[in-house]
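I've put the structures underneath this note.
The same chain A turns up in both complexes below, where it pairs with chain B and then with chain C.
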Partner chain A sequence: MIKFNEKAPYAPVEYLYDVEEILYKGRSRFQEIIVIRNPYYGRMLLLDDVVQITERDEFFYHEMMTHIVMHSHPEPKKVVVIGGGDGGVVREVLKHKTVEKVFFVEIDEEVINVSRKFFPTVSAGMDDARVEIKIMDGADFVLNRKQADIDAVIIDSTDIIGFARSLFTTDFFNNVKNCLTKDGMFVTHTESLHFHKDIVIEIQEVLKKVFPVVDLYTAPIATYPGNWWAFAVASKNLSPREVRRRYDISTKYYSDEIHRQAFMPIGMYEKLMQRKLEW
Partner chain B sequence: MIKFNEKAPYAPVEYLYDVEEILYKGRSRFQEIIVIRNPYYGRMLLLDDVVQITERDEFFYHEMMTHIVMHSHPEPKKVVVIGGGDGGVVREVLKHKTVEKVFFVEIDEEVINVSRKFFPTVSAGMDDARVEIKIMDGADFVLNRKQADIDAVIIDSTDIIGFARSLFTTDFFNNVKNCLTKDGMFVTHTESLHFHKDIVIEIQEVLKKVFPVVDLYTAPIATYPGNWWAFAVASKNLSPREVRRRYDISTKYYSDEIHRQAFMPIGMYEKLMQRKLEW
Partner chain C sequence: MIKNFRIEKHHAGIVAKATLFKCLRYLDKEVVETPFLLIDGEKLREKVSLIGRSIRNSTVFYAVKANPDREVIRFLHALGTGFEIASEGELELLLSIGVEPAKIISSNPVKSLKFLKLASTTGVNRFSFDSPDEVEKLAHHIPHCDVYVRLSVPNEGSEWPLSKKFGVELDEALALLCRARDRGLNPAGITFHVGSQCTNIYNWNIALEKAKTLWDMAEKSGIRLRLLNIGGGYPIAYTKSVVSIESIERNINALIYDKFPEDITVHLEPGRAVVGDAGIFVTTVIGKAKRSDENWLYIDVGVFNGLMESVGGIKYSYIVETSKQARHKKQWTVAGPSCDSFDVIDKNVTLHEPQVGDIVLILSSGAYTVSYASEFNGFSIPKTILI
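Right, the complex of A and B next:
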């Protein structure tokens, strides 16, 4: 069997996946884009040889990126999605009937094109009339936006290296904050709590310099090495732990129960931030 | 760099670990036993080429195997540990001052010997006066025990194939039940909720034929493929969700907060058992 050997950034273990077929191989201005088919996961999207999504389990990540902020906000109307060129987060955002506008800001148009062609169930929402696609750096989008009218900003970037780094600076977080309404919510993935605990802590610390409320939740994502995936969530005002809207959408993993349970327990969070969790 | 390629049973992904040194390689009557050193995980114990424990992260698994049942039981005195020849669960059990007796039942004496030599921090509890080591099949131990005087039975087996299969039958669970006091608790690992959902459900179903109370909790274990690890817990009477004793031991991951949060939410559990979780 042909194998794909994934050496994810910083991960102390490599993954080997069976490859039934290479469906696409190309290079954009930013990265190498590959689509393979695996007997278990179905189609898999690789960017610079790192697994981004698989047909089988993409919903874990996309639901958990999206629905925590969307349910803790009382009435999200305008949403910005930065990255996530596959369209999975946009699809999840559009499940919320309150949503009137989605700014879908992706730096690499080729990822969108490849997803339209090879991941139709993931990219399904891109042509919805509420979606405005912006091919640009997300850091520039929030820098240039002059109104504080956004209800939720969701960052679905690649690993925190290379060109994605601009989405993890104090300047960027300040610009995000300036776009948000008073009840606005922000979320970004922050790597694995097993393998990248220092990155998880660092991003919490940087966010705390900008936002009054900063918190952390996790989800089990089998295709990201370290698996126990951490998400940083921040707001000007409201706690993201509270579910403020009725859970009436269709999901496979997320639920209002999972919403409450996904957050790191308070005592454990304090130990984490004091760097007293030993692993 | 020399690599160890792990092809774990049923897992749709293989892992590759760097090997700095092969510290031990031998074959017992039951399995091949290898100890390697990895730059990140430190020493790693492999049985038939499957990672069992690593120095760096063994505590996640051993704490979560042990302390849920030990804290939901009001006063655990006599405990049976089946498998877990490395001694990690025994070490955790002994942290509880209520404990007077531990029957440590391991089929493969060689695993105990290798752990004593190469994993001294894991095997540390084996020589405690409260521990009685029994080199035998755990299925025979519970079959032959005629008193119902055990407070907790903990199964720390290898994957559910080969000789470990005898620890996952209705007969075995009935014999465990017959050993337990009225407040007695039983726990066993049941593979990954990502990769082996059918096994997780099946073991819940078999346990429900034997025990009035059956439940499910999870923990993130980076070195077991699928990572989102499921534990089946059962009792004659008491819910394992409740923490009935003061949390006054030293742990790295487990806490009374984690105890409550580790259980699958009720609505999600119902969907799982109705086979309505789709992945």
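Right, the complex of A and C next:
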């Protein structure tokens, strides 16, 4: 059987996947897009040779990316999803009945097309009437948005040192803040706490210069090197640790219980930020 | 607009992701006027906490020559590091920042008179030497100071050998220690330098063996030494990974434990390993040319204004800014901006093709770069920026 050897430049480990079939291989303006099938994970989406999602376990990432902010906000109506061209986050956002509008901002239309074709269960929400698809750089979208009417901004991007860097600049974070309502929430994925703790800290520090409330939660993602994945979450005043709405959606991993345990204990968080966690 | 850089697997072994992330964030937000040297403070902090950790009774004195930038020195001072200096200029810099003289040593075996005069008025009190004349100078200017003799040791396997210029053999070293004692100085110990960017772990074995021999010889002559200064030399990754500092230190520590008294004081004076891989040179492509079948890439830093060590054989890794469309790599001769034909940084460098005006990042360039730079041909010395 042929193999796929993942070449994430900064991972100190490499993963080797069995490939039953290469279902798609193409190059967009931005990146190489490949879909393979693996006997365990099912279909897998690769961007520039890095695994983004797999059919079998995508819900860990998509649920945890989405539902923390959606449950700590008292009533999320307008949501912006930047990146996540596969549509997984959009699908999760739409599970919330409060949602009236989702701006789905993806720079690479090809990823959307590939997902529609090969990941129908992931891309399922894209055609919902509440969703407005915008093919553009998410950084430009928040820059040009003049009203502060967004309840949640969710960033599901590729690697932070690649072209998705526009979603990690201080200007970008400021622009996000400017389009959030007073209870607005922001979440972005950062890095593995095992392998790149220093970057996780760095992003927390940068966000703290912009937002009054900044925190960190984690989720286990089997296919991301380092597995113990950190999400940076920020808001203008509400703590994301609190579940402010009844949990009544159907999920596989996320629950109100998981919500509370996903955050680092305060003492450990402080140690992390003081760079006293040594590994 | 975000700049598009070609980051590849092999870069990962050279520059830390966090350092690169900070550097790219800096470049994304600023309108940049190159060339300049970015230094990642967090990387400095990490190196300072790492170096010396595995060697008992050790104290670290950063070799200021590696990068004497004011902000870098201030940052290291705040972390509690000591400093190793060679000249009046370096001493003045440290004093102006408020570094206590007790945190300063000088391992330059041949010191200028100006330096000695300034040192004597400020209380710097620990010096290396390797000649009778130096004993006289020290006895005259700084009577009773602590001195340690520089032993000559093999420098094979280090990319920047230092041994030819300094150091003496065992018999002469002993004679010098005795002479220092007779002239009222305090013969405190021994130093050596295995050569900078030393990737041969056995250099330390040979050096420590030799130092032990001298230690015993001194003892027989009634001189009880207590200080072992093991110099610098720890390597950093330029184009390939190198043996880790932990492994080097574990080896050194075992040897010292085995050979020397329990209460020995060990001094380390690393330069390159402290600042080298915290630094990224940010340069710009100023021209390209094809000369016979050689592709030339001209950038705004060269041998004279920052990359002097390339002449001694140091090869760097580069990350280029290119459009996504540039798929193919070419072999380049990379050259600096001056009109001197000596100003060639490297040959046969495989890179995606950048355009004139694109940025080229030069990795692991925090040490012995800006500190060597001149304004030859009117090209200014790049600034160091601590981020």
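Assume the second predicted complex is superposed on the first by the 278 of 279 C-alpha atoms of A that agree within 3 Å, B and C clash if a C-alpha of one lies under 4 Å from a C-alpha of the other, contacts with A are read in each partner's own complex, and residues count from 1 in each chain.
The working rule: contacts are C-beta pairs under 8 Å (C-beta built on N, C-alpha and C of every residue); 3 or more make two chains touch, one makes a residue touch a chain.
Every value quoted in this text rests on a predicted model; they were computed, and no experiment measured them.
S.K.: Between chain C and chain B, which one touches more residues of chain A when both complexes sit on the common chain A?
M.R.: Comparing touch counts on chain A for chain B and chain C gives B.
S.K.: Mind working out whether A:I2 is in touch with chain B, chain C, both or neither, as first, second, both or neither?
M.R.: So A:I2 meets neither chain B nor chain C here.
S.K.: Touching A:T170 in the superposition: chain B (first), chain C (second), both, neither?
M.R.: second
S.K.: Touch check for A:I135: first (chain B), second (chain C), both, or neither?
M.R.: So A:I135 meets neither chain B nor chain C here.
S.K.: Is A:I160 touching anything from chain B or chain C once the two structures are fitted on A? First, second, both or neither.
M.R.: Once the two structures are laid over each other on A, A:I160 reaches chain C alone.
S.K.: Is A:H196 touching anything from chain B or chain C once the two structures are fitted on A? First, second, both or neither.
M.R.: second
S.K.: Both chain B and chain C contact which residues of chain A?
M.R.: none
S.K.: Which stretch or stretches of chain B touch chain A in the complex?
M.R.: Interface residues on chain B, with respect to chain A: 3, 5, 12-18, 38-41, 56-57, 59-60, 192-195, 218, 220, 222-223, 226-228, 252-253, 255, 257-258, 261, 265-268, 277-279.
S.K.: Inside the complex, what are the residues of chain A that reach chain C?
M.R.: Those in contact with chain C are residues 7, 9-10, 29-30, 139, 160-163, 165-166, 168-171, 191, 196, 198-199, 202, 206, 275.
S.K.: Which residues of chain C touch chain A in their complex?
M.R.: 1-2, 4, 7-9, 11-12, 16-18, 20-22, 24-25, 28-29, 42, 45-46, 324
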